[in-house]
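Lettered A, B, C, D, E and F in written order, each chain numbered from 1.
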């Protein structure tokens, strides 16, 4: 089980000790999608045109969730994030959310970016579910991470 | 914008008033998946065989997240959940998580079940990411909801 | 000290027991203002016209804060709010926020409405402070409360 | 919209990136007031003389709220505060609260001091509202800030 | 494992379903102690005489912690508590804390009373640790519970 | 009252200013026990053998609680912990929990280790209380602290 850094040699959960690591600039970018019916997609588009709050609420929810990552994911370290951003774009089946999180610190911010994307998409689901309960959230993944000992990583494709 | 119940006539976000609704038994069941490399999947399987904490941690994280739904999703009502459960099964590409949430109350618990699944899968990502950063979380959707005025809803397959 | 219901006979803080009270429909409406320079006010107005997120963020922050009232105010009861809304209007010196909170329950929701207004206005301060650090938040008060044994109360103009 | 640092060029909310800033000593001092009836004011004064918990509870609530600022204000950065203090003094119409927050870090602590004052005053409202529902909270403003690139700022007057 | 209600037949954690239970009045009373050096005890006594905030802070912390029980204890249900109180008395080795929690609801409030006592005593430890790091917290136990199907339970002295 | 660092000269609670202190490596180790009936102890042992989640849940709860220390204990500083671990061992009357917390920072982590132990033991109480309501939590104390100006401290015994 040595490979699973969040478990000790006996398989018990632990918060990995990052105390010896230097503080470096960390960046993580994650993405995800929500697929929905045409009616649901049209409602969000209309709302956006008309200054409705769907994407604004989802963006705020995602940013606030990034700050809560260590409360949600048991073995994540509490981090003083430098920044979080979330962007949305429409495609013909729904919406794509992309989040970037940055930190000057001792551990990566992948979980913060992934959490931001997840909660932003859940918020869209919540606001549109009266029209379409069958929406599907997927494709949540890390696109890129930079900084730290392991250096830059990019998703294949 | 009348269709988007979480926006008022001018497109402003609001928490819908559920005060006039009767308290009824509500159930929601949601699912999601995480796809990973063979090496990552083998590590979780081994850990599970050896009493490691990966799935136990993910289950606890998901249950605790369900209780935080109203803190995460801006327009969700705070709810005194009757129960939350999370189960995992392996398939050949990774893991599937299923969560059921129940309530005796005035609004549905879809968001609680979906949040539980999302955070449980993010926790698995966190614990296994040292082996595989390319894991993808997807297929997060409502399978079934029961109770309330709109009655039973089931996902089309 | 008998008058201060949140203290016992010796002056010690306590959470008042509401267990014997019936569940009734409760409503509270509160308001507050933020005064700012012409430049700051113009920036918000422009942003609003251009679909910027200032008021949307403040509204979401206020609604989420209402749900956190019992975490912030030591002797407040945790409540399963039926609804929260926040509205803003401009006057020539700044902005006015009005919040309405409702509950079917055993105690009033004045603190929830007041907390929503306070945090919404603090959020505006935060978003505009790069232009004007001298903004002043004031006039935070209860306008009306309905329901419960003490019945309806209205602020004297 | 360039002036509103918390919005990007398209008016979307973002958490400003503070990663490039040096860590410096930051101080912010904020104040606020609550005006109340003579009866309410007398009750707090009596309670204070008699070791009642009103001001102690308000002080604790304000300090704890300062630590929650980033949870309440959507675009605030999570900060590891060095200190928070809150003081109260009586005037003939009510009470004045003053809070000082300090940090060794990359961004200012104005919002922490303002949040501490706001929640301390809301706590007083909560504890005294059985006597006087017409209390008004106002004059919440930054008095002084020190540290960081923009240096010292003091409120006029 | 049938005896451990918080585990299912396979030993997996779950939040027990309380949906079928009637709402009844629940009461739980818990206690705990902190033992300390004479110097530490004298400091608290002096402070109490002089209106210092040690016990007031501990009382507030305990009450607020009771409201956070479901956030802390993974399988606890979120509850809308009717009341929480905490009292302290001195003995010659330190302090005893007693907490009572009440609820009109579907499950017991033992954990809320025990959590209130634990956090109140930890707060005393924190405030006095500059004088005595060797303080010991103990004797945390349920004294009495009433209400619900299992009726009244009392600790064997 | 000068000895009680968390109170000012007038006995008012304050968060001590740690801004002038250097960042050093801090370690704190705390322990605690839960005593229970033979039947309860046997149930946990059996569950552990059978891969049940009791100790895994308690460990996760304790780690997550350590991260919440500044939310629970009013005058604790928010800290970006480097690591937290929790271990359990059985003795013939029950279980002993030991937690170690580490930080690179300006203040000690005693409260984090003590909070982790307390919440881990409360979680065990919660999961086993259907079998034995008379369990007693005790012996919660600091075993060792290292780092900072005051250097190393060890519990006598």
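By definition in this document, a contact is a pair of C-beta atoms (placed from the backbone, for glycine too) under 8 Å apart; a residue touches a chain by one contact, two chains touch by 3 or more.
If you want to know which protein each chain is, UniProt gives these names: A, B, C, D, E, F = Cyclic pyranopterin monophosphate synthase.
Values in this document were obtained by computation on a predicted structure and should not be read as measured data.
Chains that touch both subunit C and subunit F: A, B, D, E.
Centroid distances built from C-alpha atoms place A farthest away from subunit E.
Counting the residue numbers used at the interface between subunit A and subunit F, under half appear in both copies, so the two copies meet with largely different residues.
In terms of residue-numbered contacts, C-E and A-F present the same interface, as over half of their contact pairs agree; the other options in B-F, D-E or A-F do not.
One simple way to say how far apart two chains are is to compare their mean CA positions; for subunit A and subunit D this gives 31 Å. Centre to centre, using the average C-alpha position, subunit A and subunit B are separated by 15 Å. The mean-CA centres of subunit A and subunit E are about 36 angstrom from one another, to the nearest whole unit. Residue numbers of subunit F whose C-beta contacts span two or more other chains: 12-13, 51, 53, 56-57, 59-61, 64, 68, 71, 74-75, 78-80. Shown here, the protein chains touch in an arrangement that is not a line, ring, star or fully connected set. Contact between chains, per the stated criterion, is found for A-B, A-C, A-D, A-F, B-C, B-E, B-F, C-D, C-E, D-E, D-F, E-F.
Of all residues in subunit F, those touching subunit E in their complex are 1, 3-7, 11-13, 32, 39, 43-44, 46-47, 50-54, 56-57, 60-61, 64-65, 68, 71-76, 110-111, 114-115, 118-119, 122-123, 125-131, 133-142, 145, 153, 155-156.
Contacts from subunit A toward subunit F in the complex involve residues 8, 12-19, 70-71, 74-75, 77-80, 105-106.
On subunit A, the positions that touch subunit C within their shared complex are 51, 53, 56-57, 59-61, 64. In the complex of the two chains, the subunit A residues touching subunit D come out as 25, 56, 59-60, 63-64, 67-68, 78-85, 87, 102-104.
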